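Chain IDs A, B and C follow the sequence of writing; residue 1 opens each chain.
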Amino acid sequence: MYKLETREANLFYGAKQALKGISMGIDANAITAFIGPSGCGKSTLLRCFNRMNDLIDNTSITGSFLLDTEDIYRDVDVYQLRKRIGMVFQKPNPFPKSIFENVAYGLRINGEKNKTLIADKVESSLKSAALWTELEGNLKRSALSLSGGQQQRLCIARALATEPTVLLMDEPASALDPIATAKIEELILELKNKVTVVIVTHNMQQAARISDKTAFFYLGELIEYDETKKIFTNPDKEQTQNYITGRFG
Amino acid sequence: MKRGNSNLLTLKDSAFKYLGITCLVIALSVLALLIWDIFSRGLLRLNWSFLSNLPSRHAEKAGIRTALAGMISLLLFTIMVAVPIGIMAGIYLEEYGRKNWFAKFVEINISNLAGVPSVIYGILGLQVFVRTAELGNSLIAGAFTLALLILPIIIVATREAIRAVPSSLRDASYGMGATKWQTTRRVVLPSAMGGILTGIILAISRAIGETAPLLVIGALAYVPFIPEGPKDQFTTLPIQVFNWTTRPQATFIVNAAAGIIILLTVTLILNSIAIYIRGRWYKKISY
Amino acid sequence: MTHLQQELDQLRNSLLEMARLAANQLRKSITSLLERDEDLAHEVLFTEKRVNSFELQIDRECELIFALHTPVAHDMRLVFSTLKINADLERIGDYSEGIAKLVLMGGRNFDDELISKLSLRPMFETAYRMMEDITVAYSTDDSRLARSVYKRDKELNEINHAASAIVVAYCAANPDKIAQALYLLSIIRKLERVGDHITNIAEDIIFYKEAIVLKHTPENHGPEDSGI
């Protein structure tokens, strides 16, 4: 059984078709990478899984998207969905609040009032994001005083606070320097045990380093989807090979 | 050949620079002259009795107490009416409204309203509040009229402040399962608050100086009592000053000058607060 | 510890296991000759399959590390060297198998006197010590220890060189024992080849550690050629 699945998914921005007949299943507790040149639809597909495309006017979707075999557009309330699926964006976007309040945000909007519970969950989320020891003393500081890499890990902690089972990451390290990127990658590998990770990346080496399966998209279509080992040693499709060897895109 | 060209360019550069400085000096000199004129006339008149006395026919005994009281009461009522409506209208238009041609139309019109001569508001207020609603020339009618006047300023400031909040913050909030109202209340508004406050303060400092609309709705020039309730008649400091300047005695001119100094000081303080808040706000939200 | 480091450690461990396997094959094959133990020779033949499949496994590990991690600098040199050492170890395994087959062909007919004339036991002991040392050198990144095998390889070459004359003389004196003499000569040849492969491994270790390529340089491998 797949953790996430799409069947014959099509997405239109107005008249323009951004996704063409995508069918694929994402394994639980695995890291799946979406790669492909700009505009190929990988971010669009990612955002379908937590219905973030609903926020954009004039989009229409056909086909089905499933989380744990439930149809997320028909059978699941969108707010509940986004609590079960966390998202991390390309540019770190912590709220202009304290570190503590950032991580506690998800709990507070759920109506959680118990202070000890909130404090405990904030601590465990920061630990999961490998930030606790760096920050422990000073959670009242503004989140904006952290470095870029720390801010992004804070965003990850924030997403993890509601204990989602899936984490969607849209080029999470592309705005960071190599050392911060390495830390994020290490973190993602550690998170694999607790969550299913889907990561969009334009950095192929990153996909090769950390993912279990890789999906290659081009112009809205899913070209090839297989074990990362296979894709990077001997892909089936020539298009895939041309892309990962840097011959185009 | 080239050297000749660069000399000409440098010359043009300097010429423009000096032209700019000259204009600036002229403008500032005029301002300096005005301020010097006012201060030299009225500074000595400022004392506690000036602030606490009721108006009188004798210039030495006349004070601005009722004018101050009237101004403060008027402002309070105006704020109570204009701020909630203005902020909520701004939130609705920016966050909830559909972005179609009608919305654009509304936006343009609101911006235009901010530039309408204030006396027009006075005429509107006279007909609607004073006569039709039978509120008379009371504080409450004045408050409604002024509220209408500053409402566009507050709405525009609110919209600008909300627009300045990066959409990445909203994305982060929605991504965690927050509803639109939760996002607006917990993320957008706190981030926009600095800009909104700035807008409110600037609106107030505009309202303080308004004379024409209040005169039209019938604010009195000579009010020897302190207004006690919203239905009472009132006067404000600008009107008091205006009244004094129409008197022939020279001593009243001194009073007027003193009153102007008070007005200028208050406006300056308010604007400084606004600038301070805006400065801190920009620092806080710029990434 | 990064993901890559774990993969590299795993690769090293795989290669060390392969090295021990090859060394054992060598030891068993010669022991089966010296002690006339046919069972031991059969064991060597049987284990050869494992050696081959291990080689394929290490090849695949190296391929995956290159494809998925694109290592650079000394990480790249490690994987590069390991890939080549893997091939040399597999050849050593092949030679051990060859020796075992010759032992089985010769049966009980080997002449101890000829064996000692040929200095086969010292040759084997030197080769086996070289195997041990090179394994330690890989495990501890000890390029000095790696260099120490060159001098000993020369000893192996000398024994090999002298072997032909000895065998010719023996065959002339013992025409009924020509077969087993020829088998012994073949075994000597194979041991000499094992020594060559061990020096190849030494060069690969030095390349990994110092980024120096010593292949195809003249006999004298420089003043570091100390031997221990």
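By our rule, a contact is a pair of C-beta atoms (placed from the backbone, for glycine too) under 8 Å apart; a residue touches a chain by one contact, two chains touch by 3 or more.
Source: prediction; values computed, not measured.
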{"item": "Chain closest to the middle [Cα centroid of all protein chains]", "value": "A"}
{"item": "From chain B, the most remote chain by mean C-alpha position", "value": "C"}
{"item": "Chain centre separation in whole Å, for chain C relative to chain A (CA means)", "value": "50"}
{"item": "Geometric centre distance via CA averages, chain B-chain A, whole Å", "value": "47"}
{"item": "Intercentroid distance (Cα basis), chain C paired with chain B, Å", "value": "93"}
{"item": "Residue numbers on chain A that touch chain B, as the complex places them", "value": "50, 52, 55, 57, 79-83, 86-87, 89, 91, 93-97, 105-106, 108-110, 144, 155, 158-159, 162"}
{"item": "Contacting residues of chain B [partner chain A, same complex]", "value": "99, 166, 168-169, 171-179, 182, 186-187, 190-191, 284-285, 287"}
{"item": "Contact footprint of chain C on chain A as seen in their complex", "value": "182, 185-186, 189, 205, 208-210, 228-229, 232-233"}
{"item": "Of chain C, residues touching chain A in the complex", "value": "2-4, 63-64, 67-70"}
